[in-house]
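In the part that follows, the structures are each spelled out as structure tokens.
Here come two complexes built around subunit A, the first alongside subunit B, the second alongside subunit C.
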Partner chain A sequence: MGFLQRLGSAFSAIIAFLVGVITLVSLLLGGNPGLFGDLPQAADLAALLALPAAVLLRLVALVIALGVLIGIANLLLTHAQRLMRGRALSAALLGSFALTLFWYVARAGDTSLLEAVQLPIESSLAALLCLTLVGGAARVIAKRADIWSLLFVLSLLIVLLASLPWAELEPLRAWRDWLLRVPVSAGTRALLLGIALATVVAGVRIALGQDRAYRG
Partner chain B sequence: MNDDFNWLEYAEPLAEAPPAPRPSALQRLRARFGWLRLPGLMRRLRLPKLRRRRGGQNADAGYALLEARDERPISQLDARLLALRERAEPAINAEAALSTVDELLTTPPLQEKPGGLISAAALSQAQRQQVQMLQDIVGAPAPAAASGEPARLGALPGLTLGGAPRLLLAVSMLLAVCLPFVASEYVVDELPPSDFGGDRADAAAAFEQLNTLTGTDYVLVALEYGPTSAGELDQLTDLFLRQIFAQRAKPLIVSSNPIAIAHAQNIIKRINGSVAAAGLKLVNNADYFLLRYLPGGALGTRELRENFADVARVSARGELINRNFKALTDMKLLLLVAESIDVMRNWVEQVLPASQRLTLLAATGYAAQPLAQAYADSQERIIGIIAGARDAYTYAEKLEAAYSTFKPEGAPQAPLPQPTAPPLTPAPESEIEAPALIATVASPVPAAATASPTPLASPTVPSIPSVTPPPTASPTPPPSPTPEPVWLVEVTSEDTARIRRGPTTVDDILQLAYAGDTFEVIGTNGDGSWYNILLSPRINGWIAAFLVEERYEAGGATAADASASLPREQTLLRWDYRASLGKNQPRLYQVNPTDTSIDWEYVLLRDRSLEAPRLAALSLGTLAAALIIVIGSVVGALRAIGGRRQPPASEAKS
Partner chain C sequence: MAEATITLAGFVLTLMVFSYLLGDLPYIGNLYRIAVYIFVGMAAAFTAIVSYEGLLLPYLQDIQDPTTSWTALGSGADIVIFSAAALIGALLLLKPIGALSWLTNSVFAVLIVVGAAVAAVGALSGTLIPLMSATGTLPAAFLSDFTATVDALLIVLGTCTGLYYFHYQARAGDDGAPAPSRLSSGLRYIGKAFLVTALGAIYASTLLSSLTILTERIGFLFSIGG
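Up next is the complex of A and B:
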């Protein structure tokens, strides 16, 4: 690695570190004014960093918004290339994009195409997914007959039947509530804790320049 | 492991490797900047090929890519790859290394699975060409199916005997879901209660919280769900928005999902269909506001908190929202309709800390309710979790009961009735007092707005929803059933008079007025230098005193009358920014003022005829799914016990 390359890496790491620290400290102090009690230096520091942090935050939002636009452009370009290779479905995509855009602009923001096309299609896909899940659940025991499959099927049946409005199924509701509040909630919170820890680790690595993502 | 470790730099040189000749400077230059030549540049830019190659496989993208890589001279390789190639070339015998590739990469024969709706796989023509290409590369013998005719896979899936269970599953669920819509008399289903019970005090509190809104309140409505959840959450959104409109508050709709913004527009269009029967219309940027999309998920919500004034400045269509919001504290309430707990957590953690007095009313789907409820129970500033279609039904019942005194007679369901002609004389006091029931429900909104469509002549004048401060020392005409002199001002200025949003010359211009125009006065500012006048029954403005002359007239001259008699130029004006040659040019455009003061409760009229069948379909579908799972599990268990279960393919092969 040449000297200039190492210098560039160090420079990138310093910039990333400063940006991370400014944003983090500002958001921490700004969101928790009483974090350091009445310490005047903390208030001064929060006031000093408020503007740079807001600017950085908006820059990131702008970059993300620009990324959406680039994504759309890339999608169109990719399908234009596929169209030139004779893929007819790409023509349908490009045509529907142009039609939707024209419809929205020409009819003063009319989004009825969304209501008439995208909403039914996505709802139908969700319904198909439900059908697939039911089919899969019905075949779990057939594919693997063990205690875990049995537990899975029993839990699923309790949750499904307890959601029915009939009074005869009232005893199942206590089981359903326990299942959802204790094991499911605990598992989800454990997952969220894991994600949060991983996010902190990734953030620290990026701030300290350990990750090469922005160093080329 | 240190990411900076470069194994190429620290690799031990091979003893038998001859010293690799160092590429010349010209070669290195070409390798570094060779792509600047036109063909290379075209490849870098990924422009589409204008000429399609003839001859089957050459047209395939993967083959073309491999061909292009083959044609690339070795000198164009990256320096590290070049070094690696030079070091490895003497030591590796390519033929020996690849001698076992045929055995390792033989293409397994593709087998047709026994029926099924989605299990059958099929290869497209391009995929078969790619398989053939890989076989050509590794020199594998062609399978029997590929040698002559293409593999025939999955013919008529679902029609084989093996696909019968899945077909039966699909048909039975379809029947269960459709039955309530075609033969509801055969479906027995217990409808949800008409009020939230004691164990749902949080949901009842959410209802009451929305019921305390007034005409000067703004509600930030976050719609965080996509089209897949729309079937369940649309009902809740629809109900919330109708209640907000009925309370005459104004929602600011925002989302980090661009589809949700467009979808919200359709929901409001549906509500507009309800109020159209009363000749009303909800006006964008006046009665409701569709804010711009928040990119970046949690980051977008954080940006909303930090830069709310900027986010609330421009609408989703790029129009300027002339409301001068400064911070989230301008919002009375935050209403969140989210499809997942993650999104709810984002809003609670990123947005709620902006203001200590801001509370969040949350609604979600049935699937997300358990986690959302547990999360809401741990947060003091979340009011209620209203979840799913059944809660929506209860909420609608509760809403309808609370506003039943307002409902036009004989019109509880769609189709909506045609509005009767509004009485021009004030209603008797007994009729005016009747809607006070809703005020006891917790609505401080003046009830007379619905009792009489001419609120200015009615004894109880509704509060005018406006961002302008209420007039001080306003000698408003005393309410009385008998016509009283109306305080008017007439424009006397020869020049065009400007009616502004506030009593200063720096406030926005709402409307232009000309000599002879007459307006009703509802108050003045402190020193009497500005009159607060009515432009329409729901919109007021300020005009300088030296431009007008005041007088009193007998009752009957209302703002609506004045608006009707206004010349065309005097329709309401709004600022708009239109991009022109890269420069924003503000200009005024005309907006037809809509008299929206009467019968706002028309927004509560909804078509509820499908609610009960939908709930029954939900129950029957769930029951069918449970039965299918039970039957499938029993059959599977019997097969396992009987030993007739087929071993997995991997076990059979071993």
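Up next is the complex of A and C:
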């Protein structure tokens, strides 16, 4: 690694650290005068601390919007190149993109094309998911017949069967309600807390420059 | 006429997507791919429209109006923020140039670090604190109602052991291999039972949702075909 590259890497790390610390402090302490107790200028101080995060978030929102447009331009460019190499399917993507833009501009914001094309495709893809999920559940039993896969399928079957509108299944519905209220609620809380803890740790590590995920 | 065209388009596209079930047959296999390509093209177009009309255009209109301001710094700062965003967006285009990677990495650093900080603070205030306080809060009928007491204790036990399941530290045994204590193994066993039950119920809910959509699509096809 050359001297200039090391200097560039250090520059990125310093920028990341400064922006990270400023954003964290601003988000945690800004906009909440209650944190400063009985200080006479608590409201002004809270507003001042909230300012850096407000500016940075506005800046990042704008850059993300520009980034989305750049990404879409890259998608179109890639498919135009594929089309020139004889991959005819890319014509469907480019054609639908052009038609949607033309329709929207020519008909002053009309979104009927969304209803006619996008919604049927989206809901048909979601419907296909049902068959994939049934296949996945069957494979769980076929390939790993241990206590955990049995517990998984048992929980799955109780919730599925209890949703059937038959009076004979009334006791199962009581079981389903208890299952959702207690073990499922506890398991879901554990999963959500785990995700939140991992997000906080990973976020703080990136914000403090310990994880340099931005190095390309 | 427009109504009939929308219905016909929906019918044809639904059949194209369902052709996936027939497998990779010649010609027919391409129908599914064409539908997906149309979907991606259209989704990209709507995303571009929303990004421009929902974000960029209002900001462009705002910075021309001196009476409005995004921050407490006044409308002059809005122009600086917008110009900085445009400059950063332009710098993102320099990513393929290796010699300027320090510059594009710095731009990415700002974006990723702000995103990470927002995610961390959001997870802390939106999930971690509310869920922990909800789990730790005992029901009003605690101790007076046996069932409610057992349920509340089971939720606390399930949440704690479910979290403990993701704890992988263990002391080294005599042979150097990890040897977790019996207590640790037992707690992880209980936690796994709660997690598997929850995942099964979540799987069933997703299955029910997609089944509802599948029956709606089949009903739609029959209503047109019949």
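Assume the second predicted complex is superposed on the first by the 171 of 216 C-alpha atoms of A that agree within 3 Å, B and C clash if a C-alpha of one lies under 4 Å from a C-alpha of the other, contacts with A are read in each partner's own complex, and residues count from 1 in each chain.
Just so we're on the same page, a residue touches a chain if its C-beta (ideal position, glycine included) is under 8 Å from a C-beta of that chain, and two chains touch if they have at least 3 such contacts.
Here the structure is a predicted model, which is why all the values come from computation and not from measurement.
A.B. asks: Have a look at where A:207 lands relative to subunit B and subunit C in the superposition and call it first, second, both or neither.
C.D. replies: second
A.B. asks: Contact-wise, after the overlay, does A:12 reach subunit B, subunit C, both or neither (first, second, both, neither)?
C.D. replies: After superposition on chain A, A:12 lies in contact with subunit C alone.
A.B. asks: Give one of first, second, both or neither to describe whether A:85 is in contact with subunit B, with subunit C, with both, or with none.
C.D. replies: first
A.B. asks: For A:95 in the superposed arrangement: first (subunit B), second (subunit C), both or neither?
C.D. replies: In the superposition, A:95 touches subunit C alone.
A.B. asks: Tell me which partner touches more residues of subunit A in the superposed arrangement, subunit B or subunit C.
C.D. replies: Result: the larger residue contact count on subunit A belongs to C.
A.B. asks: Counting only touches as set out at the top, which of subunit B and subunit C does A:39 meet: first, second, both, neither?
C.D. replies: neither
A.B. asks: Regarding the shared-chain residue A:166, is it in contact with subunit B (first), subunit C (second), both, or neither?
C.D. replies: first
A.B. asks: Mind working out whether A:174 is in touch with subunit B, subunit C, both or neither, as first, second, both or neither?
C.D. replies: After superposing on A, A:174 lies clear of both subunit B and subunit C.
A.B. asks: By the touch definition above, which subunit A residues appear in both interfaces, subunit B in one complex and subunit C in the other?
C.D. replies: On subunit A, the overlap between the subunit B and subunit C contacts is residues 27, 54, 57-58, 60-61, 64-65, 67-68, 112, 114-115, 118-119, 121-123, 125-126, 130-131, 134, 137, 153, 156-157, 160, 163, 180-181, 184-185, 188, 212.
A.B. asks: Within the complex, which stretch of subunit B touches subunit A?
C.D. replies: Answer in residue numbers: 3-4, 6, 46, 48-50, 52, 59, 61, 118, 166, 169-170, 173, 189-192, 226-228, 230-231, 259, 262-263, 265-266, 294-296, 299-300, 302-303, 306-307, 310, 317, 341, 353, 366, 370-371, 374, 390, 615, 619, 622-623, 625-626, 628-633, 635-637, 639-640, 645.
A.B. asks: Per the contact definition, I'd like the list of subunit C residues that touch subunit A in the complex.
C.D. replies: Subunit C residues touching subunit A: 2, 5-6, 9-11, 13-14, 17-18, 20-21, 30, 33-49, 51-52, 55-56, 59, 70-73, 77, 81-82, 84-86, 88-89, 92-93, 95, 101-106, 108-124, 127-128, 131-132, 134-135, 151, 154-163, 165-166, 191-211, 213-214, 216-218.
A.B. asks: What part of subunit A is in contact with subunit B in the complex they form?
C.D. replies: On the subunit A side, the touching residues are 1, 27, 31, 53-54, 57-58, 60-61, 64-65, 67-68, 77, 80-81, 84-86, 109, 111-112, 114-115, 118-119, 121-123, 125-126, 130-132, 134-135, 137-143, 145, 153, 156-157, 160-161, 163-167, 177, 180-181, 184-185, 188, 210-212.
A.B. asks: Touching residues of subunit A toward subunit C in the complex: what are they?
C.D. replies: Its residues touching subunit C are 4-5, 7-9, 11-13, 15-16, 19-20, 23-24, 27-28, 47, 51, 54-70, 72, 75-76, 89-90, 92-97, 100-101, 104, 112-131, 133-134, 137, 148, 151-160, 163, 178-197, 199-200, 202-204, 206-207, 212-216.
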